[in-house]
Structure formats: C-alpha cells, structure tokens
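Every chain is named by a letter (A, B, C, D and E) in the order it is written, and numbering of its residues begins at 1.
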Amino acid sequence: MNPIDMRTPLGIVTAMLPELIVVATSLVVLLLNAWRHRTAADSRLAGQVSLVGLVVALAALAALWSGGATAAGPPHMVALDGYRFAALGVVLVASIGGVLLALDYLEREGMLAPEYYSLLLMATAGMMYLAGAEDLIVLFLGLEVMSVPVYVMAAFNRRNVLSAEAGLKYFLIGAFASAFLLYGIALVYGATGSTALTVIGSATSAQGLPVMAGLGLMLLVIGLGFKVASVPFHMWAPDVYDGAPTPVTAFMATGVKAAGFLALVRVLMVGFPNTIDSWQPALGGLAAASMIVGNLVALTQRSIKRMLAYSSVAHAGYLLAAVWAGSRAGAAATLMYLGSYVLTTIATFGILGVLGRGGERDVTVDSVAGLARRRPWLAFALAVCMFSLLGFPGTFGFVGKWAILSAITAEHHRALAVVLVLTSLVSAGYYLPIVRSMYMKDPVSEASHAQASLPAAARIAVAIGVVLILVFGVAPQPVVTSTVETARAFVGTGLDRVADLRP
Amino acid sequence: MLLGPSLVLSAILFSIGVAGVMLRRNAIILFMCVELMLNAVNLSFVALSTAHGFTGQVMVFFVMTVAAAEAAVGLAIILAIFRHTKSVDLKTMNLLQG
Amino acid sequence: MNELLTSIGYNNWILPVLLVVPTAGALVVGLLKAEAAKRVALAVTVIELVLSLGLWVSVDTSSGTMELVRAYRWIPQWGITFALGIDGISLMMVLLTTLLMPLCVLGSFNYITKREPGYYALLLVLTTGMLGVFVAIDMFLFYVFWEVMLIPMYFLIGIWGGKNRLYASLKFFIYTMAGSLLMLVAILAMVRGAAVATGTVSFSYFHLLANAGAPGLVAIAPWLFLAFFLAFAIKVPMFPFHTWLPDAHVEAPTAGSVILASVLLKMGTYGFLRFAIPFFPSVAYSELVQGVVVSLAVIGIVYGALVAMVQPDIKKLVAYSSVSHLGFAMLGIWAATVQGVQGALMVMIGHGFSTGALFFLIGMIYERRHTREIAAFGGIARVVPIFSLILTVVALASIGLPGLNGFIGEFLVLVGSFKTYPIATGIATTGVIFAAAYLLWALQRIIFNRLDKPENETIPDLTVRELVVLAPLLIGIVWMGLYPKPILDKMEPAAKRYIEMARPGQPVEGVTITARAEGAR
Amino acid sequence: MNPSWIWLTIALPFIGFLVNGALALAKPEAKRVVAIVGPGVLLAAFAVAVGIFAGLWGNPPDQPLVFPLWAWIGAGGLEINLALQVDQLSLVMLLVVTGVGSLIHIFSVGYMVADPGFARFFAYLNLFMVFMLILILGSSLPVLFVGWEGVGLCSYLLIGFWYQEKANADAGKKAFIVNRIGDFGALVAMFILFWSLGTLEFAEIATLAPTTLAVGGATVTAATLFLFLGCAGKSAQIPLYVWLPDAMAGPTPVSALIHAATMVTAGVYLVARTSVLFAMAPLSSAVVAGVGALTAIFAATIGLRQYDIKKVLAYSTVSQLGYMFLGVGSAAYTAGVFHLVTHAFFKALLFLGSGSVIHAMHHAYHATHSHDDAQDIRNMGGLKRYLPTTFILMLLATLAIAGIPPFSGFFSKDEILASAFGRGAEHPIYYLFWALGAAAALLTAFYMMRMMAMTFWGENRTGATEREHLHEAPMVMTGPLIVLGVLSVIGGVINLPAFWPTPPHHGLERWLEPVLAPAARLMPVQIPHGATEYALIGAAILIAVVGLVAGYRTTLAKPITAAQQAPEEVGFAKVLFHKYYIDELYHSLIVRPLVGISRFVLWRFVDQGVIDGAGVNGSAGLMKSLGWLGTRLQSGQLGFYVIVFLVGAVWLLHSVIR
Amino acid sequence: MTEFVFYTLAAAAVLSALLCIVQKNPVPSALWLVSTMFALAGIYVLLNAQFIAAMQVLVYAGAVMVLFLFVIMLLNLGHASETDRKRGPVVLVAVLLAAGIAAALFAVRDTSVASLAARVGAPEVASSPLAALPGAGRVQSAEAFTNPIASIARPMFETYLVPFELTSVLLLAAAVGAVVLAKRKL
C-alpha cells in the first residue's frame, strides 16, 4: 500500500475507513430505527446489522494494517501507524463484544430500542477517534463522541431507577472531568502553540516542559484518568458499572477504558516523550493508588458485578503501571494487557449476564455456588476468566501481566512492580472465592442455575473469549510479536528503555 | 498584554465552577457549574489564540458544540431520573453505593 | 539397555513427552466416566513411570551439569524458550514424582467417590506441573510450571478435601502465590540486569546464572535473593512460613497430601539448590543470611517436632513432622559440604517415600474409620496387624532408624553441617529425640494400648490393592536405607557442582583432616 | 571355620526373623515351627561363632579382620561400607551374645508357649539378635549405630510386647526415647570424630587418633563425653537409667536377654571398642568411672526397697553396669569386658530363674483365678521347697553377683575395684569411686540376699489353695538355667588373677591384648600389688559375706506380710521404694513442661496465635478492613466523589508546579 | 482603557459566577450564569475574537441556557431546595480544594504573548519538519485581522475538517440519546 497523503480527501477517507464504516453503520441502524423500532426482531436486526458493520470495519482495519498503511508526510488529525490500528482493533473487539452481549440481553430485559446499537456504534466511532487521535482537538471530540452515547447507554434501562442514577452520575462527573481535559488541552496548546501531538512532542522535546505545559499535561492525565477509572478519579466507576445494564457495563469496562488508555499512551508517548520524568511520578502514584484501592475494596464486595467494577479499577492500575514505564515495552504491554483484559471482561460479563436473570446486581459470590455441577462449561469459562483476571499462568491475563511486569522492572523503580504483585495477590482473595463457590460448594437449591444458559450470541462471545484466553495464555507468540512490533514502530527510539538497556 | 490576566480570570472562573460542583446538590445547578467551567476554559483558548493564531478560536467553536450536545443529553438524563424520583437532588441519589 | 534407548532416540524426546503425556491424558480422562477414568489415569501414570525409568540409564549424571538440554522456540521476542534439561538432582525428583503418581491414582480408587473424572484429570495435570518445575531451565517456563501446579492442587484440596477444605485451599493458594509473585519480580529484574550486561534478553537459566553477578544486579542482589527466598521458603516450608502446610495437609484428600508432602515441598528445597543459592551465592552465604537461614532451619526442626508432638490429628502431626524434616534439608543445603547437600537430597527423597507412605496409611485408616483423631484409635495392632506393621516400619523410617531411608539423609545432613555449623547441628541433632517422641507416642496411641473402642474392633486389614500401593514405597524405604549408594552416586556430581556454585573457591571435597593446634603438639 | 563366614551369624537370625515374622502375620498358631526355627537359627549362629573362634584360637589376628558386605553410604569423603569386623573383642561378645542368646531362646520356648503372640515374640527376638550382632560386628561407628538403634527398636517392641497394657507400651516408648537421648550423644560424637579424623572406622580411629589428636585435648574429650552419653543411654547410667527398671514390663526372657545380658552392655562394649579415645581423654575416663560408681551405689540403694522380683534384678543390673563403667573408666577395659561376660552369665541366670519363679507363681494364681501380683516377692516365700532346681541355681548366681570366691563375679568385680583403687594413686578421686564401688558391693550382697530370702526361705505367702499349684518349670526352661549356672560358677576361669593358684591366668586379658594395646599404651591399667592387693581382696570378700549374712538375717528377722496387706513404707524407705522420685521429677521437670510448652506456647500461641492469627489471617483481616473502609467512603454521594476527584487533581497539579 | 474595561468585565464575570453558584433557586442561578457569559463575551471582544463573542451570546447564552431554563421550568424546579447546598466542613473543604486548583492554575499568570511567541518560535521548533504541519505555524496572515470570520472558517474547514465532521456525529448522538431518554414512550 502506498503512503497515504492525509491532506487529500481520498487520503482521509482511506485512513479513516474503519471509523467511517462504523459511523455509516450507525446511520444505517438509525434509519432502520425510523420505521422498525417496536419488536424484539427489530432490535435483533439492528444488532445484527451493527455486528456486520463492525466486522466490516474490522476487515477494513485488517486491510489497512496488513497493507502497512503509513502517512505520506506527518500524520494529520488521526495517526496512521500500527499502534492506532492495534488500538482500533481492541476497540472494535470490545464493541463486537458489547453487541453480542446486548443482543439477547435487551430482548430479555425488554429494552427494545434499536437506538441502542446506533448509540453503541457512535460511541465506538468516538473511541476509535479517541484512541487514534493525533490532534488534541480530535482527541477531545472523540472523547465526547464516545462519552455522550455512553452516558445515554448507562441510563438506557428506563424502567430501572438505578440505571438512571448511574447515567446521571456518570454524566455529571464525566462532564466535569471533560472540563479538566479541555483545560489541559488549552494549556498545552498555549505552551506549545499547537494541538497536534507530533508538534507538541517536538516542542516539549526541544524546550522541556514549561509550567504551563506541565499543568496542561496533568490536566490531560486527570481527564483521561477519569475515563479509565483510575484512583482517585474512579469513584463514579463502581456505582455506574453497578447500575448500568450489564452489556453497557461490559462495554464501558472494555471499550471506554481501552480507548482512554490508548489515548493516554499516545498523548504521553507522542506528545511528551522526552519529559518522561514529569509524568512518571504522577502516573506511578495513580497506578499504585488504583491497584491498592481497587483490589482492597473489591475484596469486600459480595455482588460479583460490583466486585468486577472495583477490579476494573485495579486493572486500570496495572495498565497505568505499564504506561508509567514510558517505554516501548510499556506501550506493548498496554496493548497486550488491554487485549487480554477486553477478552476476559467481555466473557465475564457475558456469563454474568446469564447468571443474573432478574438482576445482575444480585449475583453474589454465594449465588454461583455449585455452578460447576449444573453448568460445567459455564463454570469452566468463568473460572478461566477469573484466573485470567488474576493473572495466572496459562491464561492470557498472565501474559499481559508478565508484559507489564517486565516493562516495569526494566525501569529502575521496582517498587511499583512489588505493589503490582502484592495487590495481585490480594486480588486472589476475591477472584478465587468465585471459583471456589462454583466448584467447591453445593448449589443453594435444586432450582439453582436452571435458567443459566448462554444464548447463542453471548455464547459466541464467551467461547471465543475463553478460547483466546487459553490459547494466548499458552502460545502468546502472535500477540507478543504484533504488540512488540507495533510498539517498536510507535515509540521513538530515544525513549526506548529496553533497547538501549542502560545500566 | 491581556493574556496573563485572562488566564488568571479563566482559572478563577474555573475554580468557582469547581467549587460549585462540590457545593451544590441540585443536578441542574451542578451541570450549570460545569458549563461555567467550560466557559472558563474557552476564555483561556481565546486568550491564548492571541499568541498562537486562530486554532484556539476554532477550538472554542467546537467546545460550544460539545456543550450544546452535552446539555441536550444531560438534561434528557435529568428528565429521565426525575421521572423516577420526582427530584433532581443528588443527595437522594445514593441507591448505588458501597 | 542404553543402546536400545539410544536407538529410539529416547534422549531427544523424553523430556517433552514426559510433560505432554499426562496433560494429554488429563484431557481424555476428564471426558470419561468414573470407572474408565480411574483405569485410564492409572494407565497414563504407569506409562509415565515406565517412560521416565529410562532416564535412570540414559542420563549420564557424572558431569554434574544439565543433560538432555533441549530448547524449543516459544516466545523469542521476550527471550523465552521452552527449555528443558535434567541433572542428577532433578533426575531423582522426576523419578520420585513419576513413581508416586501411579500410587496416588491407585490409592485414590476407593477414597474418591465423587466427580472422579475431574479428580484424575487434575492429578494428571498436576503431574505435568511438577515435572515441569523439575526439568525447566528457562526461568519463565519454571515460573509458569511453578504456578500452574497450584491450580490442580487448589481444586484437589477444595473439592475433595475435608471439612475445612475451603479455608485450607485458599490459604494454600494465596500463601504460595505470595512468595512466587515476588520471585517473579526478581526473575524479571535479573533478566533485565543480565540484559544490561550482555545485551541479550534471555530467561535461560544458564544465561542468568552466568550473569547473576552483573554489576547492575550485585547492588540489588539481597533483594532479589529475598524474593527467591520467600518463594522457596514458603514452599519448603520453613518456620515461620509453614502454617499453610498443616491446614493443606489435613484437608487434602490422601493423594493430595501425598503429593504435597512428597513432591511439592521438595520444590522449595529444589529451588534453593537450583536457583536461589547459585544465583546469589555471596548473599546466601553472607553472615546474616547464613545466621538467619540456619537458625530458621534449626528452629523448624525442633519446633516442628515439638508442635507435632501435641497434635490431636494424625495428619497434622505428620504435617508438622514435615516442617521438622525439611529443616534438615535446609540445614544440609546451607552447609554446602558434599555430605550436607547429599544428605539434604536424601532427606528430600526419603521424606517423599516415608511421609508419602504415612499419608497413604492415614488415608487407608481414614477410609475405614472416617476419623483422623489419634484419640479415636488405640490397640488396633490386634485387629489390623499388617497395617500396624507397615505403619510401624514407616514411622521408624521417619524417625530416622538406621537401616531405613530416613537415617541416611539425616545422618549425612548432620555430618555435613557439623563442620560448618557445629552448634546449630548440635541443636538440630536433638531433633532425633523429638522425632522419636512424637511418632512413637502417636504410634502407641494408635496401634498400641488397649483396644477399648468397639468401633475399632471390626476394621478390616489392608487389601491387596492397598498393599500394592504401599509396597513400592516400603521397598524404597528399605532399599534406600540399606543401599543408598547408587542414588547418592547419581547425585554426587550435581551436588558438587552446586557447592562449586554456592561456595566458589572452597574445596568441594569436604574432608580435610584438621590437624588442629592441639594435635600438632 | 573361615572368619569370612561371619555374615552367617547375622543372616541366620535374620532368616529366623523372616520365617517367624511371616508366621506371626499369617499363621500365628504354628508354634511348633516357631519353637524349632527361633532357637534353631540362634544355635546355628552360635555354632558358626564357635567355629570361627576355634579357627582363630591358635593364630589370633593382630589386626582386625574386616569383611565388607557392600558400599553403604558414600558422600564426598565419607565412605561407609557395610562391613563386619572380626577381632578378639567382637569374638568375645559374639560368643557371649549368641551363646547366652541361644539359651534364652530355648528358655523362651517353654516360658512363652502359652502366649498367643508366640511367633511374633520369636520374630522380635531373632530380629534383636540380628541387630545385636550388627552392633558387635560393625566395623565402623555408623554400622555399629545401625545395630545400636536396631536393638533399641527391638527392645521397644519387646518391652511393649503385651502392648494392650498402656504401662507396657509406655515403658517401651520411654526406653526408646531415653535411648535416643543417648543416641544424640553418639551422633554428635561421630560428627566430631569424622571432622577431626576423617573416618569413622574403628580400626582407623585406633591408628589415627593417637597421632592426630592431642591427648587430653578438647576434641577427644568432647568426642568421648558425647560418646559416653550414648553409652549411658544404652547402658542405663545416671541420668538416663530410668528406662531400664520400667523395661521389666516385657516378658522375662526379654529382660534376661536384652536388659541384662546383651543390649545394655553395649555401652561398655562401645567404650572398650573406642578405648583408644577414652584412654586419650583422662577427664572423660574419670567421668565414665564416676558416673559408673555413682550409678552402682545409687541403683543399689533403690534395690534395697523393691518388692517386684524383676525390679530388684533390674536395679541390680543398673548397678552392675555401673561397675562395668567404673572398670572401663579406670582404664581396666579387660576388667569391664570380663565383668560384662560374667554378668551376662549370672544375671541371665537370675532373670531366667526369676522367670521360672514367676512362671510358677503365675500358674498358681492362674489356676485359682487370683489377681495377686505374681512378681511380688512379698507374695512368695519358702519357694525352695517347690522350685528346688531354680532355687539352687539362683543361689549360685546370687553368690556370684555378691562376689563370693570362687564364683565368676568375684573375679571380675574384684578386678574392677582393684583397678579403680589403683588409679587412685594417679587421681585421688578414684579412691572415692572405689569406696562407692565397695559400698555398692555391700548393698548388692544385701539386697540380693534379701530377695532370695523373701523368695525362697521362710513361710510361703502365696496362699493356701494357690500353693498346691506351685511346681518346677519344665526341662526346656531348667536346662538353660543349669547351663548358665555352670557358667556363673566357673566363668571366672577365663581371666583368673595372678594370685589365683591355678592357671590359666589373665586369659581374657591376653586374648584381648591386640585390641586394647593402643589404649593400654596411653593409659596403662593400675593394679595394686602385694599387701594392698590382698587387703583389697580380703575386704571385698568380707563385704560380700557381711552383706549376704545381713541380708538373710534382717529379712527373715520378722515375719513378712503379703503384698496386699503390706503396710505403707515410711521415711527413707519410702523414698527408696519410690526410687528417689526420679521418675516423678523427670516427669514434672521435663516431660510435662515440654508437652505443655509445645501445646500451649508453641502450637496454640506461636503457631495458631501469632503466625496464623496475627500474621496470616491478621493481614488478610487488615486487607478486608481497609477494603471495608473504602466501601464506606463509596457513599453514593456524588459530591463526595467530586471531592476525592479534586484531592487527586490538586495533588497532580501541584506536583508539577514545584 | 482596554484594561479598565477588561477588569470591569472580569469583576462582573467573577461576581456573576459566584452568585451563580450560591443562589438557592435554580432560575436566578441560571440567569447569573448568563450574566457571566455576557461578561466573557465582552472580554472576547477585547481579545480580538469578535466572532466567538457573537457565538457566545447566540449559542451559549441564547440557546444552551434557554434549554436549561426550559428544563427547570418543565420540571417545576423553580424554587429553592432545602437540601440543595451543603454546609459546615464540606464548604470549607470545597473552598480549599477550589483554591488549590486555582492556586495551581495561577502558575501561568505571568504568561505573555511575547514569552509564548519566543518559546514557540524557538529555532528547534521552527526548523523542525513538523513545523510544516497544519496548525503548527501561527496563521497570522493579514487576512486574520481584516476578516476574522474567514480566519476562523479557513482552518475549520481545511485543517480541522475531521473534527468538524466529528461534531456532526456528536450532535447526532446527542439528539438520538436525548430522544431515547426523554421520549415518554418509545
């Protein structure tokens, strides 16, 4: 594939083909809504169309990526590199998962509004722009295009006050955080004279970090830190994850978080590559705090959904630690961990969705007792997910965690690695009881889990997720290769802390 | 020459907005405080564009769009919750906790 | 024999095959019905045993280095290979494992009455994990096996365990993981340090061994050692990291206890021998660490024995006795004399046999009486003479009666350590007294005294199947007591090599007749 | 016979053990086979021993003959072969052990025939012989240690033979554990020797030690003291003697074989075996002699007030073992071994005799279903009428143990006392040891006679109906008694002193000379000569006679009441009756605190409380509490969330300003 | 003169903002916010952003705030709520934190056009190939001062075309979302 000149319309269209496909699909679904919006079949159709759109987008992405699309000249507005493609891949996978989980869920819970898929697709588009943004303006707009539909989706279950409360909380504090992000953009723009990340990077590399840029950077970190639910900007997450419909929670925990992290990596690596000392302490602190708070509080939760919410805070901590490393290895680890995290989380929420007929909030550690006796495969899948989230060898989660740990230990600040492993240990204290409950306890009653059976779509999502978790856990070469290669091309050589291997 | 003072004013207004978000419980007023914060940031953009050209002003334009979009969705959400609780008081919105 | 093995290329495929066979078997077993699962699992473990026996002849351990080294491509970007190798020490550990597994399967036939396919499948997976730990020479691979092993054990305890199994399994899991996670960080830091020094990122054991003294690593060596130490000390378990053991032992099903005691604990000492000490000899043999480790080992010996003495539950008693026995192994390892190290290895193997047999016996009596309270028995020698005889022999082996296996290890350890740590060895030697105290007391309360409980009067004696389970262990116990030389000879080069790594510059040959000042007169 | 056949002496009893053991498990009622195999293998072993002895009689080797069986342990410089050593000392022991052992095996056939565990008994007994022979023949300390521990094991099994009685099982366990305390010493001694000499072979020790180690140096002193701790455990010396009296819980032949004739003398044997080392360590030798003398007198005093016939003999054994240590501690190794041999004869006889008595008493009580104690001498009296053979033989043994010439005990005991006195010239403390020994001799004569008098003389107190059932034991039991009786009388012939009118003089001494010469060069035996010698002999005889007469007179002076009506002991007698309360003392000072500390301090407090409670569960609890705190902060109030958000924001922003 | 106007407007903005956040009743609160916006519009004019000033008045004060008021009225919230404002220590914490934010942001108070221009115009940046990027250089043509609308429109439809199109998605999403949530019956 020839280098793409991003200043020509064709170039832009080519470069943004996946995004445009997703947007177009959302419009198709919207049109579909115009005359079909009443029955379950309509909703299902909308979902299926969305799925097709996302898969097509994925195909387009694959074409771009395998063609090795590069920008002729500096990239414009959105990046055109492997890292963006990888990011889009993660986001699209998360979205496909979100659709698959929603297909039956909406029907079951009577949320028969095909607009859901439309919103989901628009949010996906937003995520794609956010994750691939090469310019802070695109970043901000991508963030908003992502957030606004997700606010709505969180409140989507109109019959449920909790859903509404979740939506409101998320919206208010989200808008609040957006203001911080925006302020950050303003200050960075002020300090460097540009909103293009490459220019910012070149400016900060040349002149260091004036206080204005420093403040701007921190405000950006705050804004993105909010999106990825990092402590102390995480307080909304448990409530919102808890209250939102489960497929939305899955979508938030995977897509939103992934997009946030990918944007964060890009901002830091491209925009502030040579002033790593200015942001490492902050990220380190956020990472440690997230790991500690997330894991400790998760320990006390009985509701699995809420526990997963806190655990997602903890995972944000792990990911922040990878970003903290500020190296190629760190960037690769972020991708890899996001991959494992997205797969695992989708599968987990998929299972949770079927366990929680009549309210996922009520699915507790005790209520899954004896699942292994009644639904062995479901229990196996959930167990695999738990071990993957725990980061246990043999699962993709371990490979991701390993990548993070090796990225951190390559730096000289190994305390963060110790915090990571110790908090991982704490996490065993809440992941394992679920496995324990499923396998080592007897079902509460004869009728337990009678309803727990995965509908076709969710089954696909869960099955693919679990299989990939195991396959990549044992044979992670493809993922390692692609992430390492991607990160190598992405991160400037001057920054790379693995290759230069200074003592 | 007004750049510095404008930035200071922006910071002040932003902080007032922040304080408002912390102090108020009425969801609508809280949202208005967020709007105030966005306005404060806009001031920064405009002020900085005196140094860097029109990019800042373009940004303000986008922010206004975003604010409008957020307002639409936000007020819709407030409407939605009002249907359930007949209130926009955040103090009562603590069903989700723990 | 060797020619035959060579002709089929045995050395080329045996190690990976040993790892693959059980897991493949597990996949099959997991899908079968209960009865078939038992048989297939037994067949798989027997095949595994037969396959592994060839190692005895085909592995030339005389050089003391790793043999049969094969590295398969795995994750090249991270410098990770699927590298396997074996030396005299790991050879013994592998054989111990493969020998025990068929016995564990056979010994579980009656004990396990629910969800059998899963049980046997997990046992097989566990086999892979354990063997993997002993033959992995890539630190990543080692770590993976080290951790993976936890899962089957976790389920074995948690599903088929006793009353308090949930607590015990979680405790076992988290305790072990606590140590190993820190080790993980240490491994990564080492890889990084070695990479800085050489420009090569590799998790190869040899690479790390060669570069453990890299400038970047020397400064943090104490911390790295501490991390390794914790991981292994918990597994051993050394006082005061031992409290998971009594719980896990007591709650685990028989085979679980056997495997825990016979193989899993050995991984800790193996880790010290293979990794912790050779990587950081100067830390391991600093005054402070020597003092601490030797003290802990000696405390473990005496403390384990004393606490074992007052246990009301037989399994707990044996669990604490393991703390005591493994204390000997630690002492011997740190002594770094040929006798001490060889003794430690013999303790490891011997303990595997005698404690394994003890747990089998306890399991057998538990199947009959459904209690492990010592107080529930008494005088049963009259009812179950064969059981009592075997129990006595095994207990005596555990006590360290000369002529049985326990003595060889303890004696060598103590002889070997006496030179390095005379006072500590002196105290450790009192362990022989306490061992007699707790085991004989227990023996008396179980098989001797008056047969005053009516429910004990009708216990059937051991069946043929149970005798088949015990026979190999008994033969081993006696054989190793009377003729341990072949085993010692197989291990000696590796032991010497270990000493060279642990105490560079010190003459390996332990005996130097010290014509002391007084003798010169 | 070629000495290389020596392994046969071990293999034969081992075959017996296998056969009898198999029968015990499979077919315990096949007593006839057992009765043949059990003693048969021993007699065969004895025959082999005699054959080897005869083969070497003419040309005794000046170096020990070592026959390696197989390489046992090899680690670094520590190469231990499982090898058997034939030399003069081990041959003497071999003959005594297989000889006396055979007799006792034969006796046991009669004594145990009614017991359901007959086959098991012989299996144990054979196994004991295996280990005892390994102990004797082992060419190195570790091999000796195999036997050393093995005999302990068999002792344990045989003491607790009737394991259904808790007291018996307790006694067995006690024996094993106390022995283990001694073994601790033996082990440490081995470690010291290995690291100072580089070998544990007896032959090499004997040659290397004098050149490598300093005489009286710390190494050799420490090694020998630890070694002696082992000996004290096995041979029931202060402070580890407590197990031996309890060991009488086993069947009487066991008491005779293990706890009188063979195993308990292993300590003496070991000192003689390592005589070079002891000779190099005067302090250790003095300790050995001192402990021996103290034990002799101490046990003798307890023996004064015991009523259980076997307990009297047990304390007598402890006391006599003390003599032997007094001997070897005085460098009179020959004398020690000599007393070992003669003691084996007469003490085996005494025990077997007592077995015969108990057998008869037991029969009588059994016939009338009486529950009186068949071993209490207060229940006996006048038995010479019913058990004449036994009476005569036991009387001979009593005279022997009392030291009446020309019975065997006179010679051996006299030689020990003379050597102790002789060493007094060099180290005056030995005079004290001698005095203690002499006093013990007096007491020995006294309590032995007291026992005899209460058993055989005076009125019979067994009971009117029971009396009818008292009768002499069968030939299979009395036969061995007679043989032992002859040996007790003439046993002294093997080492007659110079003053004795007829040769052969110093037979044993000359026979053992090659083995003991290295020690003798370092620390020669000091025997007083001339007037002193005769005065000592006179005194010894006088003491014995006085003791015997006093024992007879005072015992029969007033009527004895049967055990059931017997009054409480008072005063010092009570203290003696309760063995100085030593067992109680050990129990309350060592056993109970140890168990208590283990249970309450170590297990409950340290293990469950501190490590598990505070450490493991405590940190888990702490985590949960912290998590709970986090849960409380998650109040659901958006305002608070914003505040937390801002705390973070303020922190981050201010972090870049400075 | 300019400065006087600026500071007057600034004072008005701050005062209005403060009143906005302390008003009990949402309606006056909203009106004070509108007042702030007007003051800011004035400042925009002073800062040569006349077009933005106009948009501020039209879009913000005119549309967005009206929407607010409309909802307030619709929900009949036009009265003071007892529990609306927090008291006591919370106020103190809130004020302190807001002051903390402000204090941090004040660090940029000494910024001037000259200092920024000096920094951004540093040779390394100028000579960098990236300087050729759209948005990199300062679009400071003569046209900028003569035709402010064009000078905004040009970058918006050239350089920032992608974000501009993105806003359309945003607005569409907001519309769909608002409909989904607010419609009484789907």
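Just so we're on the same page, a residue touches a chain if its C-beta (ideal position, glycine included) is under 8 Å from a C-beta of that chain, and two chains touch if they have at least 3 such contacts.
Note that this is a predicted model, so its numbers are computed, not measured.
In summary, the chains found to touch both subunit C and subunit E are A, D. Measuring from the average of all protein CA coordinates, the nearest chain centre is that of C. Ranked by the number of C-beta pairs in contact, the top chain pair here is B-E. Centroids built from CA atoms put subunit E at 30 Å from subunit A. Separation between the centroids of subunit A and subunit D, computed from CA atoms only, is 78 Å.
Centroids of subunit B and subunit D (each the mean of its C-alpha atoms) stand 96 Å apart. Here the spacing of subunit D and subunit E, counted between their Cα centres, is 102 Å.
Of all residues in subunit D, those that touch two or more other chains are 620, 631, 634, 636, 638-639, 642-643, 646-647, 649, 653, 657. Across the assembly, subunit B contributes residues 7, 10, 14, 17-18, 21-23, 25, 30-31, 48, 51-52, 55, 58, 62, 66, 69-70, 73, 76-78, 80, 90-91, 93, 95-98 that each touch 2 or more other chains.
Taken residue by residue, subunit E touches two or more other chains at 86, 90, 93-94, 97-98, 101, 104-105, 107-108, 111, 116, 120, 135, 138, 160, 163, 167, 170, 173-174, 177-181, whereas all remaining positions touch fewer. Contacts between chains, counted with the stated touch criterion, involve the pairs A-B, A-C, A-D, A-E, B-D, B-E, C-D, D-E. Contact residues of subunit D toward subunit B in the complex are 631, 634-639, 642-643, 646. Against subunit A, the residues of subunit D that register as touching in their complex are 620, 623-624, 626-628, 630-631, 634, 636, 638, 640-642, 644-645, 647-649, 651-653, 655-657. Listing the residues of subunit A that touch subunit B in their complex gives 137, 140-141, 144, 148, 151-152, 155, 158, 161-162, 164-169, 171-172, 175-176, 178-179, 182-183, 185-187, 189-190, 193-195, 238-240, 242-243, 301, 306. For subunit A in complex with subunit E, the residues that touch the partner chain are 7, 12, 16, 23, 26, 30, 37, 73-74, 76-78, 112-113, 115-116, 118-119, 122-123, 125-126, 129, 135, 137-138, 141-142, 144-145, 148-149, 151-152, 155-156, 158, 167, 183, 187, 190-196, 198-199, 202-203, 206-207, 210-212, 215. For subunit C in complex with subunit A, the touching residues are 74-78, 140, 143-144, 147-148, 150-151, 154-155, 158-159, 165-166, 169-170, 173-174, 177-178, 181-182, 184-185, 188-189, 191-192, 195-197, 199, 201, 215-216, 220.
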